[in-house]
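Okay, here's the structure, questions in a sec.
Chains: A, B, C, D and E, in written order; residue numbering restarts at 1 for each.
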Amino acid sequence: MKKLDLFTPIGLILGLVVVGLAIYFNAGMDAVLLFMQLASVSIVFGGVAAALLVNFTGRELRKLPAIIKEAFRHQDYDLQELNGTFVMLAKKARKEGLLALESQLEEDVKDPFIKKGVRLAVDGIEPEMIQDILMAEVVSMEERHKRGRRILERAGDFAPAWGMVGTLVALVIMLNDLDDPATLGPSMALAMLTTLYGAILANLFFNPMASKLENKTETEVFINQIMIEGVIGVQSGQNPHILEEKLRAFIREKRKPEYDIRESGALAHEV
Amino acid sequence: MKKLDLFTPIGLILGLVVVGLAIYFNAGMDAVLLFMQLASVSIVFGGVAAALLVNFTGRELRKLPAIIKEAFRHQDYDLQELNGTFVMLAKKARKEGLLALESQLEEDVKDPFIKKGVRLAVDGIEPEMIQDILMAEVVSMEERHKRGRRILERAGDFAPAWGMVGTLVALVIMLNDLDDPATLGPSMALAMLTTLYGAILANLFFNPMASKLENKTETEVFINQIMIEGVIGVQSGQNPHILEEKLRAFIREKRKPEYDIRESGALAHEV
Amino acid sequence: MKKLDLFTPIGLILGLVVVGLAIYFNAGMDAVLLFMQLASVSIVFGGVAAALLVNFTGRELRKLPAIIKEAFRHQDYDLQELNGTFVMLAKKARKEGLLALESQLEEDVKDPFIKKGVRLAVDGIEPEMIQDILMAEVVSMEERHKRGRRILERAGDFAPAWGMVGTLVALVIMLNDLDDPATLGPSMALAMLTTLYGAILANLFFNPMASKLENKTETEVFINQIMIEGVIGVQSGQNPHILEEKLRAFIREKRKPEYDIRESGALAHEV
Amino acid sequence: MKKLDLFTPIGLILGLVVVGLAIYFNAGMDAVLLFMQLASVSIVFGGVAAALLVNFTGRELRKLPAIIKEAFRHQDYDLQELNGTFVMLAKKARKEGLLALESQLEEDVKDPFIKKGVRLAVDGIEPEMIQDILMAEVVSMEERHKRGRRILERAGDFAPAWGMVGTLVALVIMLNDLDDPATLGPSMALAMLTTLYGAILANLFFNPMASKLENKTETEVFINQIMIEGVIGVQSGQNPHILEEKLRAFIREKRKPEYDIRESGALAHEV
Amino acid sequence: MKKLDLFTPIGLILGLVVVGLAIYFNAGMDAVLLFMQLASVSIVFGGVAAALLVNFTGRELRKLPAIIKEAFRHQDYDLQELNGTFVMLAKKARKEGLLALESQLEEDVKDPFIKKGVRLAVDGIEPEMIQDILMAEVVSMEERHKRGRRILERAGDFAPAWGMVGTLVALVIMLNDLDDPATLGPSMALAMLTTLYGAILANLFFNPMASKLENKTETEVFINQIMIEGVIGVQSGQNPHILEEKLRAFIREKRKPEYDIRESGALAHEV
């Protein structure tokens, strides 16, 4: 079940506060308004939006809100419980046969991916085919996430570029009409604002968010691969002890130097 | 069948409007003309064209219009229908034999890639050879698209570089003759125009277009791989139920947490 | 047989003309001379040459003229004829045996790579060994080309860097002696010339040429792989019809939506 | 056993001393204070922290102190001893059987990874499964390290970017209020400080540390792969002489031209 | 046997001469001294050294002199002789048996890698194991070289960065104290010196040297792979004629269009 990932909004707010304080300490409260120029904001956002429209199809762009929302959500995995589930299933399967898992499924297994895998096993489908079907789902999930993430990554490329376009436009205009030296400073200040916006957009929003989503997908793929190992192990009637050893190898938090692996019941809780 | 991808022209126009408004709000309508300097445009376009001529052969460059046109076209895939086609073919093949598919082909299958695959199956060619032939076509399509796309990618590299060349040429001339300070500003404004053109060309036209074409090729390869799975499944007389499960794994839009995969008839409609 | 690739010299000349016109329109004919400073040219060329000497061995650098010459040459492949050759060889081999190909070779096969492959087949060497020998030649060709191309790629990296070194040297000297403001402009103009040279060298000569050579090698590898498929197909007595189908899959120019693959005799002529 | 890696603190201190001396020689002791601006430091650190919060989950960021600590620790491997251990185990296993290794383990083998492998062998688990279990642990360790290292790598990306954001903010404020030319210089000096901080943070702390951790992980993976080769060799009853030859090939420091490999007992001590 | 690679020192000297002449032609002999500022040199070297200390372990850094020395050495391979050696060994092995190679080894084979391989074959070790042992040595050599080269590559990254740090430090000091405009120019000149040093260090020393070492390692790996093919061919009693054909395919300098491969005795002499 997904929960709010507090770190994303905290990071975003902290970033804006940092910029706000930088302005405040340099020039007092009034200067903050100087940094809020609708026209400058429009160039950067408009340019990025234009480039994204050329870069993606409508179908892909419609997913953008869901993708951004995903960066605010967090899913915890209890790997010890996961391991325990497979050991329990493996024991039952060896004692009572694969068909006995059917009833167990409804009660004890919540993850739909494991459910699907075990059900295919109960249905008597061959291990290679089960692995094929489950891997197809993982690969397709990975591909789908990569597609969504790419919108943010490209936005992170386009934001500084369009910030520079805005600055260049303003500089050309300013340089073309140098009559009044008094306006030179403020004009240049305005010109540089779009570069600033582009840099903040890229380095606070787009790039970190895309990178967080990439981390999340990697974790999900990793968990799914453990699940596939577990399902195949259960189906092929592997020794529960060995299956546990194998799954544990994946999820060990840290190798402890003076630690006897066989005696210890302790299991890492994290990936 | 391909349709107009409206997002490409909308994005291009939006990008130009954004730049136009940026000029307008900074300096009024008259300034727009200042930004249209044929000489500056010529340097950037001429330089990019020169570099592309050195970089590619005539045969490759002749395809450029078709490649750009491709960025304005969009192909929709109905994955549910695709899945249904293969389930139908698999059922028929199991009931009436592979030869019975011949007649079905003309009526119900429109995609030439599936048609070719099924026909090879009807002709009694072995699965490995069919896979080889179909994959050869996919790989060659991918390679051909990559080649075409590369022209746009390289243009996206050359545009900012030649924008800078234009600026450097103008700066050298300006710096060499500083007699009249009054012309200093306008000269620098003119010098910076080519850098601006290069940035817009790269970040509104070349790079987003190349990236859109890459996305489209990836989708096409993905669809073709599903089709190959389907053809091989049909030929090898796979259980239509299992085949459906496998193809469905590829195309599932999203895993729904509280969702029983076997009962549901719902199928994702998108990639 | 290789022919002159006209696009390379045309591109190079166009690029220089573009720069020349840029100068001419900005400052008239006299200014062109201003851009030809032997000292500035020497820094960039000398620096790039020095870095290449450190970067490569004498044996590698001696090949540079041949590598550059290669960027001016073009080889056309007639893929339809290629396909026809293999179908003809496959038919003859099935009818009259592999040994009958010996006589055919001299008359009808011109490509030395195919000749070598068929000859090995006639000599009775096993398919795996033939594939090994032919692939060794392809891999070694690819590696050799990559090595040569890398000199141009590295030159494309070093040129802007040494352009900047030249500019920095001139700026340091100029800044150190600001007594006469009148010379400030021309000195800075001179300082920026090396940066300009570096940018043109990289974006008109080195990078586009290296990229063209990469494209050419890719094409050659692709053609050779088709040839290996063909030779192995001929040797293993594959059905000429199927062999044709397979080779055709590689070389299809474009999938035509309303196009029956089996009936049509049309074949794509290009890669 | 891990020891303090003195080079990390020495490098960090040397870097700061270098910057300090650069200031001192340019402008005397007083200027050092000029470079310590809490506000400027806060922008860069605050911005990087904000971006990292968006980029990673809380669970990942909590590991940051341990990851940084790891860059200060060093593990020595005695490869000759490692080789000797496996030769000893292989001899004993061939003479007295695999079960005899049980007692040997407690006395002579300290590394928990080798212990685990040998114990699995003693338990009679098949070689493929042992390799699977041990590789799962290596892959999971590699993945875990990559995740941790990535925090430092991303910080190395964000630091210069936020240094630039700080400079842009200060420049915009300064340019907007050019009334008093006397403050122009000091204002620009202050503006550039954040860029300086970003550059130092990236090129003295984050990037070199991330790179050191990458080197360490590579070494650990390499050692573990040798250990897996050794365990499998011992289990499959390989000739100790051949096993030694194989392990030695991995760890040879340098090929000595006039050196007879079979006679020499000398072994490289380093990776 | 390794010889001095003259191109490395010639390139380094040429690079320094180019910079020297650039200074001389711009500002006469006296200016050369202006470019030799011990303080500026110290910042760049000190900063790079500090970053390398953080980035690598003491064990790795101790190898730096040997790595740099390696960039000044050159090893020639006579591929024709190499091919001849294997053909000779293959003939002898087929006529007189593998054991007969023992005596031949001392006289005719100088390369320790071939010696080791043939000796393993004479000892009756299986081909797969020989290949494993020899490949382990190649992989470990490649890895070791990559590690060493990486120090130079990282130095090539750090040099421009620390050049910029030096420039920023000097600029901040200069801007903070603009009282005397007369010192403005020389101060800025001094500030830019470190950027110049960083650029030269990266683009004349570190990057080209690292790249040369990479080329050398690639060649060595390539030669070793040919040797492994040769040793396995000799051991498995391959037909000397076919073995020659195969090894020749690797080392062919260039495909000659009108060239009958079987008749010709000519062999390429270079890689």
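Note that contacts are C-beta pairs under 8 Å (C-beta built on N, C-alpha and C of every residue); 3 or more make two chains touch, one makes a residue touch a chain.
For reference, the UniProt names are A, B, C, D, E = Motility protein A.
Please read these numbers as outputs of a predicted model, since none were measured by experiment.
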Just how many steps, at minimum, does a route from chain A (Motility protein A) to chain E (Motility protein A) need if it may pass only between touching chains? 2
Compute the distance, rounded to whole Å, between the mean C-alpha positions of chain C (Motility protein A) and chain E (Motility protein A). 25
Can you work out the whole-Å distance between the CA centroids of chain A (Motility protein A) and chain C (Motility protein A)? 40
Once you've mapped the touching chain pairs, tell me: line, ring, star, complete or other? ring
Going round from chain C (Motility protein A), first to chain E (Motility protein A): chain order: C, E, D, A, B
Along chain D (Motility protein A), where are the residues that touch chain E (Motility protein A) in the complex? 5-8, 10-12, 14-15, 17-19, 21-23, 25-27, 31, 34-35, 71, 74, 184-186, 188-189, 192-193, 195-196, 199-200, 202-205, 207-209, 211-212, 215, 222, 242, 245-246, 249-253, 255-259, 261-262, 270-271
With touch defined as at the start, can you tell me which chain C (Motility protein A) residues reach chain E (Motility protein A) in the complex? 1, 39, 42-43, 46-47, 49-61, 112-113, 115-116, 119-120, 125, 129, 132-134, 136-137, 139-141, 143-144, 147, 150, 154, 157-158, 161-162, 164-166, 168-178
